[in-house]
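We just call them A, B, C and D in the order they show up, numbering each chain from 1.
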Amino acid sequence: MKTLKIGVVGAGRIGKLHVANLMTRVSGATVVAVTDVVAESAKALAAQFGIPKVYGDYCELVNDPEIDAVFVCSSTDTHSVISYDAVMAGKHVFCEKPIDFDLDRINKVINAVDQMGVKFQVGFNRRFDRNFKHVRDTVQAGTIGDPHIVMVTSRDPAPPPISYVKVSGGIFLDMMIHDFDMVRYLSGSEVTEVYTNGVVLVDPAIGEAGDVDTAIVTLKFANGAIGVINNSRKAVYGYDQRVEVFGSSGCITADNETPNLTTLYTENGVMREKPLYFFLERYNEAFIAEEQGFVDAIASDKPTLVNATDGLKPVLIAMAAKKSLETGMPVKL
Amino acid sequence: MKTLKIGVVGAGRIGKLHVANLMTRVSGATVVAVTDVVAESAKALAAQFGIPKVYGDYCELVNDPEIDAVFVCSSTDTHSVISYDAVMAGKHVFCEKPIDFDLDRINKVINAVDQMGVKFQVGFNRRFDRNFKHVRDTVQAGTIGDPHIVMVTSRDPAPPPISYVKVSGGIFLDMMIHDFDMVRYLSGSEVTEVYTNGVVLVDPAIGEAGDVDTAIVTLKFANGAIGVINNSRKAVYGYDQRVEVFGSSGCITADNETPNLTTLYTENGVMREKPLYFFLERYNEAFIAEEQGFVDAIASDKPTLVNATDGLKPVLIAMAAKKSLETGMPVKL
Amino acid sequence: MKTLKIGVVGAGRIGKLHVANLMTRVSGATVVAVTDVVAESAKALAAQFGIPKVYGDYCELVNDPEIDAVFVCSSTDTHSVISYDAVMAGKHVFCEKPIDFDLDRINKVINAVDQMGVKFQVGFNRRFDRNFKHVRDTVQAGTIGDPHIVMVTSRDPAPPPISYVKVSGGIFLDMMIHDFDMVRYLSGSEVTEVYTNGVVLVDPAIGEAGDVDTAIVTLKFANGAIGVINNSRKAVYGYDQRVEVFGSSGCITADNETPNLTTLYTENGVMREKPLYFFLERYNEAFIAEEQGFVDAIASDKPTLVNATDGLKPVLIAMAAKKSLETGMPVKL
Amino acid sequence: MKTLKIGVVGAGRIGKLHVANLMTRVSGATVVAVTDVVAESAKALAAQFGIPKVYGDYCELVNDPEIDAVFVCSSTDTHSVISYDAVMAGKHVFCEKPIDFDLDRINKVINAVDQMGVKFQVGFNRRFDRNFKHVRDTVQAGTIGDPHIVMVTSRDPAPPPISYVKVSGGIFLDMMIHDFDMVRYLSGSEVTEVYTNGVVLVDPAIGEAGDVDTAIVTLKFANGAIGVINNSRKAVYGYDQRVEVFGSSGCITADNETPNLTTLYTENGVMREKPLYFFLERYNEAFIAEEQGFVDAIASDKPTLVNATDGLKPVLIAMAAKKSLETGMPVKL
């Protein structure tokens, strides 16, 4: 089987993570080029993993004829432009989420993908988590019957810097967007209406930055089911990531991952481990699985498991959730 | 210590349950009289437990000078009238929930209780469940810090008869009313706003009767916390009764009660027992604890743990939830 | 149904427990007489529960023609004599464990029971625990196939006083005797050989008193299965009472009972409750069930669930385990 | 850091596993040569992973001056000879367990390792399992105080072929040997005496081959603790691998690993996943960790975590357990 040759745009935290996995954990692919707006970052990453080419500009990279596929790991505001250019250069594209906050620009990418017939995958890595995938598969298999209620608990261990909150688009676009994708994935249906309860309980500075830090969003789905997502920017016990789907024939829940499965009995109580601290720990294997999935989709010419439309929909839901918070009214999609 | 002499109005399912517990499990009290609109039911119950007096009319019972306290276990539409008459006769009253669906009639009872200085307790038995009580105590102790998110899952094993749905006031007044009381109890705060997502997924006949069978209600609390309750009329795996309170310093959850704590490993999987089937099984000990609590409150002249106002508030929330469902808008209290 | 009239010999801790349950929780029976070598104890207990007769001597009690059944709750060294006299007086007998440490005296009781045709039950209350009963029923139903390995973990929260250790017969006769009964109950088979590993790790004074405080006993059963029991006199986290039966088609385990089923998540970890502290807490419902079982066996003229032979066998196994510890060799029964 | 150049002797199941991990998951090492008595197997493995050299004979491999370290993955009866030759050729050696069944030959290897000053590691991979390692670390940290009781449950999903049973040395040398290593690891102490209960319950053919298939071995340790291991050749629910250490200040247990952490509620019960099927699934990460540990020990010139003596001790315990089974008596070490 031909090895997929990959160029990576962006050598920051998530770019490094993808490069490390692609070079050591993913089969059928290799990274042949990297670029970053900070040239030193790109060089250092290339040196660490023996990547032959370092480009000074993403345009050079996406036009390198040796390259089959591009990973877009740059800053969020450049995702859609780079993705578009890479697609138009005939490359398969893996784009970190979100594609964009601007719907026109997302649609421009979607249209380009259709036109060029390349593979496009968005980085909703949680779909590849062993637990959530099993919940989804169980729902799809009909084991719990028709889904009636979809529930997602998603709480971060600590809030991001206020500087990030100011530019991220806020809790619905930088955090709950994963959960909006998750409820689509678990329910197998589209969200048709949302209503938001959002408050500032973790840090007043988040409120001053125009965002909330604690939120419950209820949802209606096209298939008749209803759902609810709860988010907090700060769970002192670690990254709390649980889901539940209740249906006409049963219910399935997914619990948190922990560092190990031991139980300690002492005078103070019976203790188990806290959840894994944050997404790098919790979703390490999910990142590898999404990368392998992308490589395999290209090799076998099958659809990717998170396509460009899957990148668009959660943005639409996040915008509706934000509008619901602002208006205090339910918002239809 | 003087034995509390109790008269019981209503010899149906819940009346029988209270009589049986009062005569065998509760200390410091005895049932001396019973009445029911079906005279035979009252006689049979009296015979079974050796209760000396059977009255043909509740008025006779509430005016019997030997009686210290009255349990109101009659049909829902008679709760407030009988309670009022018993209170005005100077009796302590334990009233099954709800006191009434009419706010004026509830307030009339509340005022009578104030006027007469008797004890009044409403039958929100779940407050006495060992799990929920421990969650409440943990929240009160500050162990999880300030409450941020309050979650209640409450699903019945099977829907009631359609005839009941037609007169019960619907899911918010006959089922979720327990959960409205629960969130007040767990959060230690009042509900200020609700928004309802309600659908018919279990049985179309429930929809035809003007009710929903699956609902998610989100809530705002006076102390700033937010919350969510989900209800289903039919969980095929049994009575699903779980709560969770998340706060600034931690989170506490309560799991279902089961017939035993065994685990079976076979070729088919690793199995634990289903939740106890329904409220008679799940809340058996909670019923006894609420009865004992009522008897003890009288003996020690302390406030009851679920007073008349606690009977009123969940009715108000239920009405708001119903209105939210009808209007599709959030409703303030 | 005729009410069973019971006389209780012994008003100490276990006698009080049985009287309280018989008077408040068990149906079809009432305590009509009590006696104790300390007359004041008998009087106080009678007063507390309204028991009409207090005898100064157990002989008077067992010969009272009104009494149908006798509970033998006196000191261990008097169990067999009182049981014998009660049986010979034609009374049904519930005898606290052990019947005796002397095999001749046990056999004398067994023979008397056979001769008189009365009901006889030994106080191995753990058979009535909801978890162990379910394990036993599952094994009996064939769900796990043929039993291969039977495991019992049984650890007390704190050692008894040294004065007790000196007269109790030691860990095998006062503590592990319950587990010897349990393995017979769970396996449905007889123990044929034991080997003991016993050490002093909790308190040197226990060693000085001629006993061990930590022990593992391995067992062979007549049906081919093998088993192991581990005991400790001191588990700082409370009363640890778990069993496991592994067979050709699966495995079933029973976990500890706890005060409630909540889970607390904090910065320090994920905590559940410790096991219930000791036998009065853990086996409260089991005591009631064994008492009710005894009453029901008499009412329906069915065999008791723990007969006199069931009282003998664990004593034989305990003696073999003790001999194995002394000789360092396996001992056949 | 210099890359460790490894030669692998044996291209069977375990050899392939080590090569695959070393080439894809372990950092700081690469496989440069492979050999197997079946030349085709070596060639195929080399081709798959791009290993440059294939030797026709292990002697050539261990004398290749480019090679720093040798993995001995050949058939059990050749482990000690190849290890010895590799050590005497100045190579670091990773030897699959057991080193040998002959004590003289094991000691010859131990002496050679001492003489040559090379690193030597035995393949007791379970020490690197995240759960068992955490139990060990917790015991070492003193969290549970002095260890009193060490328990290991270790059951295979299916028995090996009878042909294997005939040459493997039997259950104590091919299966329980891992558990003998585990109790040394967990207790931090040496086994001083064993007593074996062993029976044939899974397959009579195992008995005809002179072995047992179900066994309980009790142990005494030099530090005063006692322990017990139970083994079965066939657990229909999968690979059952649990440990427990009970001590003066608490108890720690490790539960099985499962494919995911979901729970399914249906009319049939509440189901979790079965344990991972067998050692390739369960100990995949442990294999990688032991390989990385070996590579790191060489790079940092630190002792390996499972040295040659750790290879000898479990063989001695296994032989004692076998002798105990044969004689029916406890055996001192």
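Methods note: contacts are C-beta pairs under 8 Å (C-beta built on N, C-alpha and C of every residue); 3 or more make two chains touch, one makes a residue touch a chain.
As the structure is a computational prediction, the values presented were derived from the model and not from experiment.
> By CA centroid distance, what chain is farthest from chain D?
The most remote chain is B.
> Among A-B, A-D or C-D, find the interface that matches B-C: by residue number, over half of the contact pairs should be common to both.
Residue-number overlap above half with B-C among A-B, A-D or C-D: A-D.
> If you tally the C-beta contacts, which comes out ahead, B-D or A-D?
The comparison resolves to A-D.
> Quick one: report the Å distance separating chain A from chain B, using the average Cα coordinate of each chain.
Between these chains, centre-to-centre, one finds 43 Å.
> Quick check: how many Å separate the C-alpha centres of chain B and chain D?
58
> When the C-alpha atoms of chain A and chain D are each averaged to a single point, how far apart are the two points in Å?
Here chain A and chain D have centroids separated by 39 Å.
> For chain B, jot down the residues that touch at least 2 other chains.
Only 235-237, 240, 249-251, 265-267 qualify.
> In the complex formed with chain D, which residues of chain C make contact?
It comes out as residues 146, 148-149, 151, 155, 195, 197-199, 201-202, 214-216, 218-220, 224-228, 230, 232, 234-237, 240, 246, 248-251, 328-330.
> Hey, which residues of chain C end up touching chain A in the complex?
235-237, 240, 258, 265-274
> Quick one: which bits of chain A touch chain D in the complex? Just the residue numbers, please.
Touching chain D: residues 24-25, 27, 130-131, 133-135, 138, 143-144, 249-257, 259-267 of chain A.
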